[in-house]
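Following this line, the structures themselves.
Each of the next two complexes has chain A plus one more chain, namely chain B in the first and chain C in the second.
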Partner chain A sequence: MKPTNFIAGVFEDPELIYRAAKKMNKSGVKIYDCYTPFAVHGLEKTMGIERTRLSIAAFIYGCTGFTLAVILQWFTSYMDWQINIGGKPNTPVLVTFVPVCFECTVLCTALGTIMTFWIKSKMFHGVKPDLFDDRQTSDLFILAIDADSNKNHDAINQILRENGAIDIRTKSFDKNHSLIQ
Partner chain B sequence: MEHHHIEITEERFDFNSKTKNFVFMLIALGLVCTLAGVFMLKGEAGNIMEKRFWGSMLMAGYYTTLISLCGTVFIGINYLSNAGWSAAIKRVPEAMGQYLPIGVLTLLTIFFVGKEYVFEWSIPEVMNNDSLLQGKSSFLNTTFFIGGSIVFFGLYYFFTRYFRRLSIKEDKEKDVKIYHTNRRVAGGFMAIFGFTFPVISWMWMMSIDPHWFSTIYSIYNFAILWVCGITTICMFVLFLKGRGYLKIVTEEHLHDLGKMMFAFSIFWTYIWVSQYLLIWYANLPEEAIYYTERKGIDFGFQFWFNLIINFLAPLLILMTKNAKRKRNTLITAGIVIIGGHWNDLYLMVMPGVAGEEATIGLIEIGPTIFFFGIFIYVTLASLAKQSLIAVGHPYIKESALHEITP
Partner chain C sequence: MYESPIRERLITGDKSYGQISADICRPIENPPTKAWWAGFSVSFIFLCLLVLSLTITVMEGIGTWGVNKTVGWAWDITNFVFWVGIGHAGTLISAILLLFRQKWRMSINRSAEAMTIFAVMCAAIFPLFHMGRIWNGFWNLPLPNALGSIWVNFNSPLLWDVFAISTYFTVSLFFWYMGLIPDIATVRDRAKTKTTKWFYNLLSMGWNGSIRTWTRYEVVCLILAGISTPLVLSVHTIVSMDFATSIVPGWHTTIFPPYFVAGAIFSGFGMVLTLLVIARKVMNYEDYITIHHLDAMCKVVMLTGTIVGTAYITEFFIAWYSGVEYEQYAFINRATGPYWWAYWTMMSCNLLAPQIFWFKKIRQNPTIIFIMSIIVNIGMWFERFVIIVTSLHRDYLPSSWIYYRPTWVEVAIFLGTMGLFFTCYFVFCKLMPSISIAETKAIMPYDQLPIAKARMEQEKLAHSH
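On to the complex of A and B.
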């Protein structure tokens, strides 16, 4: 469940948000998320985000695709109706299955992984963007902290200010993730 | 982000007498194995000793030359694609290319002395009584063979020297113009390599079975060159890191090399299946004979073992992210890949040369150890001549800060 009240530190420099995130993590405040217009290397480590499990999901999709391809070819060209192609043996040999297995594995892995990524990061068609600031997709860097679970607001504000935040805002979202103030 | 104030300093590899002695022992071991194998088989009927000896010499010589050539190709591709990450390790492939003249000399020596045992088309009586081979005689003749090899390998060596000379000049002058010159020259090199390497693979490998042909064969050879070359680069980098050199090379660079080893093992399998599948389906007698020989009783085990060791083993060893970043798994995968492609080359050479008499004994293993010993010696000696870090490379800082997310 997404929290509704945030403290948002606004930065103009990737270096500054990196340092602020590091300080914040050190002082024991849990960062909700950082919003940056481009990938800031090493930021996800300093924020204390765990490694993604997307690769495990991709592996499972790949295995599924491979199995489906084997079952499909085994059923259609061996089990259900044996097709005579150039007098080739009709045993379920894997040699003839290889190209289709390869393609199905790649297809299932690619589609499954990208769909999982979309679902996990809530990127559907028609979703309202819950932006803290319109410029976070262009030239602003935003460090968002859950205001309800972290009570020591003064300390958070001070860390943000000391590390070069140009602005500190309190933001609230309603149930539909649209910005109230 | 964190290591912005990184120091990039010159490093000198100390090729000390301990390492030298180890490499000399490797060369001596190879020599002893080869000689022992020769004496054990001497005087057997049907020229078995000669066939196995020259076959395994050609195999080992070709293998090391391919790996050495991959050094220059790696440099060329990285210049051409404007790659930054590889700047920290670029001295290793540069040094590997220095073995090329020795490689081509050994290949030509093998051709001069042992050609009648390896290349049946080089025997005039065989050529004169075979109209199929006469059709290919404009290509399969000694002049073209020697001339082609000297010209092509000469060109490769010229580019190897050129890239290295300019790279060393760059270290002193720190001028970005040199980098751009190298980029332009790399374009020329890649075009020349792309058109001439197929001819080399036809000459030295495909003409062992002169009646047989396969259009994907040169890509197959390139796949071997590339995956074994990348693996060897990775092994040299790990060796240097183990000695405390290459301080700016981190897990991130190893991760990239590991990914390439993983990916191009799969690429090799793709090419292998492409060649096998089409020949299996079309079932033309003159093509299918190649696989009939190799799937038979003499080579059947090795034929299927080839797929396990070159495809399944790297796939499973290097699949996870952690495996590509750890020294031990990379070394395991490296040994598997280099050993596996030795088996691959064995299957390309030996069935055509020795036929059903071929087995793996001292005489097959000896030359490989011998040539690898010389290759390692030349590479390490040329690494010791220059700084291990290309300090003047425009992307050296980018390479030092290289990071893969997530």
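On to the complex of A and C.
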């Protein structure tokens, strides 16, 4: 069940949202997510986000691309129809296969990784974004906390206020909202 | 964030985050200026010329071109290599400089990447139309044997090129789009009218700036940079193998791959400079693309120009050292034969002219940089012309020696691709943020931000009391 009610601390300063997130962590409040106009480094550690396994996925896609390229070239140039080039001997795998293998590896890695990233982040064309503020992609930094599972709202509000939030809002989305966790 | 006390600041003018968004979005949010309309109209006329000349080529055939049985490759392949080379700077800036953590790339990578994509589009036109029967273009693909032909030849560098160029185009396009997504979201959230909101919403894929997404996003960009780096090297290596694997004197050289890659970066930076020197003025981006960005790019131009020049001299040396008289003749003919003027244009534009960038005063003078960037473009175009035409026009059989001249159709196709390139660039400048908004904010020196300054002042006061 996705949470639908949030408390959102609005910040103007990346340093302050970082401090607030750290304090939140110390007092045992779980942060749902932060929304920032650019990647604020350090926040992900405070929130306890683990390193993504996308690089492993990328490696697997690369291996797939490489294998497909070898199979394609082996089948077309050895199995199905061998080209006679000045009577030179034909072997199942030729050194001339290297460039195409390389290109296919790169192509599959790139497309596979990007597609996986989009699917994992629930990013699709035409998804309506659920925003806390129109300026969160420009110059505001949002710290969002699930209001249903965290009952001590007063304490949360206090931490936000003490750490320089310019505004504290409660926000409710319908249950099909696009915020990921 | 650690700030180097020596380095020049990457963004000048004490901007706040909101101001960066507003500055970069200004050309998108306001009606196009007169300068934009003028540039767009001229480019569009040239684009029409492209359509006309290609129509003539397809209707009449390759006979409308100046190529003949001795010089079978000339203008078209020259332009193909020229445009592919132009594209390389974009990938160098976005991928290689990302891996080297060069922060100055942030404000120029977007337009350089756009340039890559448009340049590869222009490049693809030439081999496709040189096939004569463009409607059979799909014969390049490894398709089953339904047409009575055999499979494509995987031993041929020309087929490697098909794979290399199409992979390069696809990966560059996706890399560019990935970089654009957060910025499209910024434009979307600033949009006032319903249609613009709808348009940017469709392209932004629901981006909301979540830290979870950001961390994944940064890893994806790093992976893309990691694979684009060998990709960009492979693309021009393979392009050079179109020539190097043949036995034509003047082409049959092992130095070609590194020499072509250096040349590609050289010419690409030339084109980036041509565009950015103008764009930063017209679009008021002087705070973002500072004189120090131009300075850094000039250094790259000088370095790669010198590498290319060294390669020219090395070729000459190896031709002599190999003792192969045909090879020796090819090079002497290049410098002193009927195309001597092309050879010396190339030498002076690529090797000699960039040496003026040893002087800091010149690296920081936009007018001279602009003129130099045009010279580099001309020089690199002639490099390809020299390699291709002078090697072919005098073959082993003196009775078939010939002087190649382009026809007006060939010239029109080349000018037309210029039109296509610049039309695309103008449309891009109007629709998309041509500087990366999110990345620019991330490299903004923190202690120069108005809010940070105010906060630190307050904290200092609180301490002293």
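The rule we apply is simple: the second predicted complex is superposed on the first by the 169 of 181 C-alpha atoms of A that agree within 3 Å, B and C clash if a C-alpha of one lies under 4 Å from a C-alpha of the other, contacts with A are read in each partner's own complex, and residues count from 1 in each chain.
As a convention for this text, a contact is a pair of C-beta atoms (placed from the backbone, for glycine too) under 8 Å apart; a residue touches a chain by one contact, two chains touch by 3 or more.
Note that the structure is predicted; figures quoted are calculated from it, not measured.
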*asked:* Given the alignment on chain A, is it a clash or a fit between chain B and chain C?
replied: clash
*asked:* Let me test your reading of the model: by the given contact rule, A:52 touches which partner, first (chain B), second (chain C), both or neither?
replied: both
_Touch test for A:18: chain B only (first), chain C only (second), both, or neither?_
first
*Which chain, chain B or chain C, is in touch with more residues of chain A?*
C
*asked:* Quick check on the superposed pair: does A:89 touch chain B, chain C, both, or neither? Answer first, second, both or neither.
replied: neither
*asked:* According to the stated criteria, A:104 is in contact with first (chain B), second (chain C), both, or neither; which is it?
replied: second
*In the superposed arrangement, does A:28 touch chain B (first), chain C (second), both or neither?*
neither
*Regarding the shared-chain residue A:42, is it in contact with chain B (first), chain C (second), both, or neither?*
first
_chain C-contacting residues of chain A that also contact chain B_ = 14-15, 39-40, 43-44, 51-52, 55, 96, 99, 102
*Which part of chain A faces chain B closely enough to touch in the complex?*
14-15, 18, 39-44, 51-52, 55, 59, 86, 88, 95-96, 98-99, 102
*Which positions of chain B touch chain A when the two form their complex?*
1-2, 270, 273, 276-277, 280-281, 283, 319-321, 403, 405-406
*chain C contact footprint on chain A (complex, rising order)*: 12-16, 33-40, 43-44, 47, 49, 51-52, 54-55, 58, 62, 72-73, 76-77, 80-81, 83, 85, 94, 96-97, 99-100, 102-104, 106-107, 109-111, 113-114, 117-118, 120-131, 134-139, 164, 178-181
*For chain C, which residues are in contact with chain A within the complex?*
16-18, 21, 142, 145, 150-155, 157, 159-160, 163-164, 167, 170-171, 174-175, 178, 181-182, 185-186, 188-190, 201-220, 223-224, 227-228, 230-231, 234, 238, 241, 437-439, 441-442, 446, 449, 451-452, 455
